[in-house]
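What follows are several structures.
Each of the two complexes below includes chain A, the first together with chain B, the second together with chain C.
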Partner chain A sequence: MSEALHMPQPALEDLIAMLWREGFKVLGPVARDGAVGFDEVRKVSDLAVAMRDTQEPGRYRLGQGAAGEIFGVVNGAFSLKPFFFAPEETLLEAKRERRGFKVSEVAPVAPPLAFIGVRACDLAALAVQDRIFLHDRFHDTHYQARRKDAFLVAVNCARSAPTCFCVSMKTGPEATTGFDLSLTELEQGFVTRSGSAAGEAIAAKLGLSAAGQNEVVSAKARIDGCAAGMQRGLDPTDLPRLLYAEAENPRWKDAASRCLSCTNCTMVCPTCFCHAVVDQEELDGNMSRRVRKWDSCFSLEHAHIHGINFRPKIENRYRQWLTHKLAAWIDQFGTSGCVGCGRCITWCPVGIDLTAEVAAIRAHPVKR
Partner chain B sequence: MICPARITGRRTETAGIYTFSMRLVDNAVRRAYSFRAGQFNMLYAFGVGEVPISIVSDPGDPEHLEHTIRIAGRVTGVMAGWKVGDVVGVRGPYGNGWPVEEARGRDVVIITGGLGCAPVVGLINYIFRRRDQYGELHILHGVRTPNDLLYRERFDEWRRAPRTRVYLTADQPDKSWRYKIGVVTELFDELTVPPSSIVMMCGPEVMMRFAAHALRQKGIGDDAIHLSLERRMECAVGLCGHCQYREHFVCKSGPVFSYRTVRELFGLSGI
Partner chain C sequence: MKPRAAVFKFASCDGCQLQFLNAEDELLKLAGQVDFVYFPEARSRALEGPYDIAFVEGSITTPDDARRIIKVREESHYLATIGACATAGGIQALRNWADVEQYRRVTYPSPEFISTLSTSTPISEHVRVDCEVWGCPVDQHQLLAVVRSLLSKARPVLPAYSVCMDCKRRGNVCVVVARGAPCLGPVTRTGCGALCPAFNRGCYGCFGPADDQNMESFARLLASQGVTGDDAVRRLRGINGYVRPWRETADAIAADKK
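Here is the complex of A and B:
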């Protein structure tokens, strides 16, 4: 890891201004509608300063935090996902011509984005989405257009939400890769490190000095304390085999009896990539757009073909979701589909907790 | 990218099933296009949608594409109206196709069930065009009622060909039915093949499961049994997630799988 630098609090203001000047649209965790979400920030006070979140299964509240603390809120419903994998976008346009039609690709409007305050789990999730959209057999030009110039300023977690379980998924609480700059918030300013050439260049422009030994120690202590205090965990041992073997475990039915199949978990999940592709004709019939929209394996049509629905029951769909996340994903992409951000637990209206579901299946297997 | 193709021929196979010949409009695209037996295209009806349809024409003549479409619903319903001269969209080819190389020199057993199975017709035609490269050919086909037997003349034609046997069965026969009665697996009593044979099948998954069991009894390994699966497809490039079959993307690593690869999943419902 690169050298630890000291960033006084006012330098964060400079960083935001500098990124705007460099041509980025700068986004950070902003409080809105009772939660934080990435939104435009022009100055530090736009961020959710002096606030903290309370999270538990099925519940999220924003409240007052420590005075002066800038990154006190762990996360909100939305990760970076919607910024790179758009919830809805046009891929192609087909225009009718005298004989037939002509198809053209629609390039996305993709200004370079800079994110301030990205958590380690969300960086890990971004790497998972990169693997899917950029490093598979077919690569996605729309995702790439949005992703290629992104500048990422990570924040190491000094505090976790009770729904977080990044430690067991080995994705946090410290950002170790995938960022341009990382910050660890202290009482007085930050310890910062660069993780890329672009990050190093920005750090140089900010004219930061080396961090003092005591600062480095206290930054590490905060991160270690966060890791040690994490309440939730998911034992990843042998997961593909366990979930594949337990396809008929009665727990699936049990979870399904609580699940509303509302799709919330898949919408807030930073790695879920399922989408629908639909052709929408304009009213005059001369133009048609191919649009892709987020879809969910909890929707009834997801596994429907003419005359057959392969996953008609909620228990089929809940099993599909969890087995895909934690098992099939590893076979498909060499990485887990879960980074332990806890969003699906918090934003489930009935508080279904995947860590508890897996633990129950592990504790009561029906197959040896 | 969707490539415009002009319909050059339309043939009615039976009510609701049409075979369209088509030619990619752009010269460069057409010359660069090639495919393997058993691959599919995403066919696009302007403004309506896109669906996966197998290529049934011969890969030896890739400039000439043929697709047999059974009218099922929203998109195929519009395709029923395609006429010679119309311009439609083609995106592909996708999927892995049948293991025709692996099958070379071996006896081939082809099993289908249910309503006409287009991917298998293309396969049978492929083998007939290269008949000396393959051993005995056994074609087993099961239908529910005699009315469901599409391509009756083709079965008769195949039956008359040398080194070829055709086995037909109907679940609910009528008086005119001259063949076997019962489900496809009933046909296995009559089938004598060496364990070195290769099997390719398509149809309802329960049928394929029973067939695979019966073939095991004949000493045919799970590796030598190949099946074509059908799942919802919206992208065909492994990104939309709809075609997932546990760890498999049917569009990307299928639609043809060896029984060995999927046998564990075959007994499970709701996968």
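Here is the complex of A and C:
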């Protein structure tokens, strides 16, 4: 890891202004409608300063935090996903011509984005999405156009929400890779490190001095304290095998008795990538747009193929989601689909908690 | 030749057929593609059937309605219901739980001139329906998409998943989780693009039940938010209350209370 630098609080203001000057649109955690989400920031006071979140299954509230604390809110309603994998976008257009029709690709309009305050779990999730959309030689051009110039300023967590479980997924609470700059908030400013050439260049322009030994120690103590205090966990031992073997475990039915099949968990999950592709015709039939939208394995249509639906019940769909996320994903992409951000727990209207479901299946297997 | 289309009205407020006329930018294109030969709200010309496409608004609430819808069906090659009234019985289906005879006597000075049924029922309880366009009112884009599909001789496909999916695509903060507000979104079919949650209010269920939903769990969710008894019944019976999953749930809650 690169050298630890001391970043006084006013330098954060400079960083935001500098990123705008470098041509980035700068986004950070901003309070809106009772939750924090990435939104445009021009100055530090646009951020959710002096606020704290309380999170539990099915419940999120914003409240007052410590005076002067800038990154007191752990993680918000949305991850980075919507900014790179757009919730809805036109991929191509087909126009009728005198003879036949002409297809043209619609290039995404993508100003370079800079994010301030990205948590380790969300960086890990971005790496998972990169594997999906930028795999080998097969690149999703729309994702890539938005992703390639992004500048990421991570914030190491000094506090976790009760729904967080990054420690057991080995993704947090410290950002170790995938960022340009990382920050650890202290009473007086930040300890910052750069994680890329672009980050180093920005740090150099900010003219930061080396961090003092005591700062480095207390930054580490904060992160370690966060990790040690984490309340939730998901035991990943033997996971693909356990879930495949337990396909008939009665717990799936039990979860389905609570699950609304509303799709919220998959929508907020920073790694879920399912999408539907639909053609939208103009009324006069002379033009058609091919549109990609987020989709979810919880919708009934998702498993509808010619003449049959192979996941007709909610228990089939809940099992599909969890088994893909925690097991098949590993076979498919070499990594778990879960980074432990806890969003699916918080933003499930009925508070279904995947860590509790997996623990229940592990505790009462039907196959040994 | 352009297909001959007709728009029929039964017990309804006209809001759904107005969605055709509200389609300002698309109106010329629409007129270029479809010949509305019977559309009393839009033009005085009223031609006889048969019709290629009939759009039916409104529910069946009188003996005359019940006879007329059969004639409409006979005259129409393709019949699409538009809106909550035609598709689910509408808000006026509240009469299905009430004493209509008493309403008649109390409301009208000369009740003997009022001939009405004791129920408000969807078109599909009377005749075969080829396509149901949900909503109170219907969404203009969905309506025009149905027209376009029919012009292309394709089966119209309307999404039937929950409002939540569009709510999240739109980037709304969930009112249930962040505010504890009741919201019918998880059990409601999308169509509006999650309009109400975008304005920080819970969904009212204008588009009827999603294609699959867990009403027992949803009723427990409402109860955990303090929405029980009459309050819960009213929410479910509001706009599409007579449609089965919601009717049964509301009836069960009402029976529980007694």
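Definition applied: the second predicted complex is superposed on the first by the 366 of 368 C-alpha atoms of A that agree within 3 Å, B and C clash if a C-alpha of one lies under 4 Å from a C-alpha of the other, contacts with A are read in each partner's own complex, and residues count from 1 in each chain.
One rule holds in what follows: a residue touches a chain if its C-beta (ideal position, glycine included) is under 8 Å from a C-beta of that chain, and two chains touch if they have at least 3 such contacts.
None of the values given here were measured: they were computed from a predicted structure.
A.B. asks: Under the stated touch criterion, which partner chain does A:165 make contact with: chain B (first), chain C (second), both, or neither?
C.D. replies: The answer is neither, since A:165 touches no partner chain.
A.B. asks: For A:281 in the superposed arrangement: first (chain B), second (chain C), both or neither?
C.D. replies: Touch partners of A:281: chain B and chain C.
A.B. asks: Between chain B (first) and chain C (second), which, if any, makes contact with A:190: first, second, both or neither?
C.D. replies: A:190: touches no partner chain.
A.B. asks: Applying the touch criterion given at the start, work out whether A:310 contacts chain B, chain C, both or neither, answering first, second, both or neither.
C.D. replies: first
A.B. asks: Touching A:115, do we find chain B (first), chain C (second), both, or neither?
C.D. replies: Neither partner.
A.B. asks: Name the contact category of A:34: first (chain B only), second (chain C only), both, or neither.
C.D. replies: second
A.B. asks: Just to be sure I read the superposition right, which of the two partners does A:59 touch: chain B = first, chain C = second, or both, or neither?
C.D. replies: Only chain C; A:59 stays clear of chain B.
A.B. asks: Please indicate which partner A:267 is in contact with in the superposed arrangement: first for chain B, second for chain C, both, or neither.
C.D. replies: Second partner only, chain C.
A.B. asks: Now for A:151: first (chain B), second (chain C), both, or neither, which partner does it touch?
C.D. replies: So A:151 meets neither chain B nor chain C here.
A.B. asks: Which residues of chain A are in contact with chain B in one complex and with chain C in the other?
C.D. replies: On chain A, the residues that contact chain B in one structure and chain C in the other are 281, 285, 295, 301.
A.B. asks: In their complex, what parts of chain A are in touch with chain C?
C.D. replies: Those residues of chain A that touch chain C are 32-35, 37, 58-62, 77-78, 82, 87-88, 256-264, 267-268, 280-285, 293-296, 299-301, 314, 346-350.
A.B. asks: Would you pull the chain C residues touching chain A in the complex into a rising list?
C.D. replies: 26, 29-30, 32-33, 144-145, 147-148, 151-152, 159-162, 164-165, 168-174, 176-180, 183, 185-187, 200, 211-214, 216-218, 220-221
A.B. asks: Per the contact definition, I'd like the list of chain A residues that touch chain B in the complex.
C.D. replies: Going through chain A, the ones touching chain B are 92, 94, 96, 99-103, 105, 132-133, 136-138, 140, 240, 244, 247-248, 273-279, 281, 285, 288, 292, 295, 297, 301-307, 310-313, 315-316, 319-320, 323-324, 327-328, 331-332.
A.B. asks: Enumerate the contact residues on chain B facing chain A in the complex.
C.D. replies: Residues 1-4, 6, 25, 44, 46-50, 72-73, 87, 89, 230-232, 234-235, 237-242, 244, 246-247, 249, 252, 264, 268-271.
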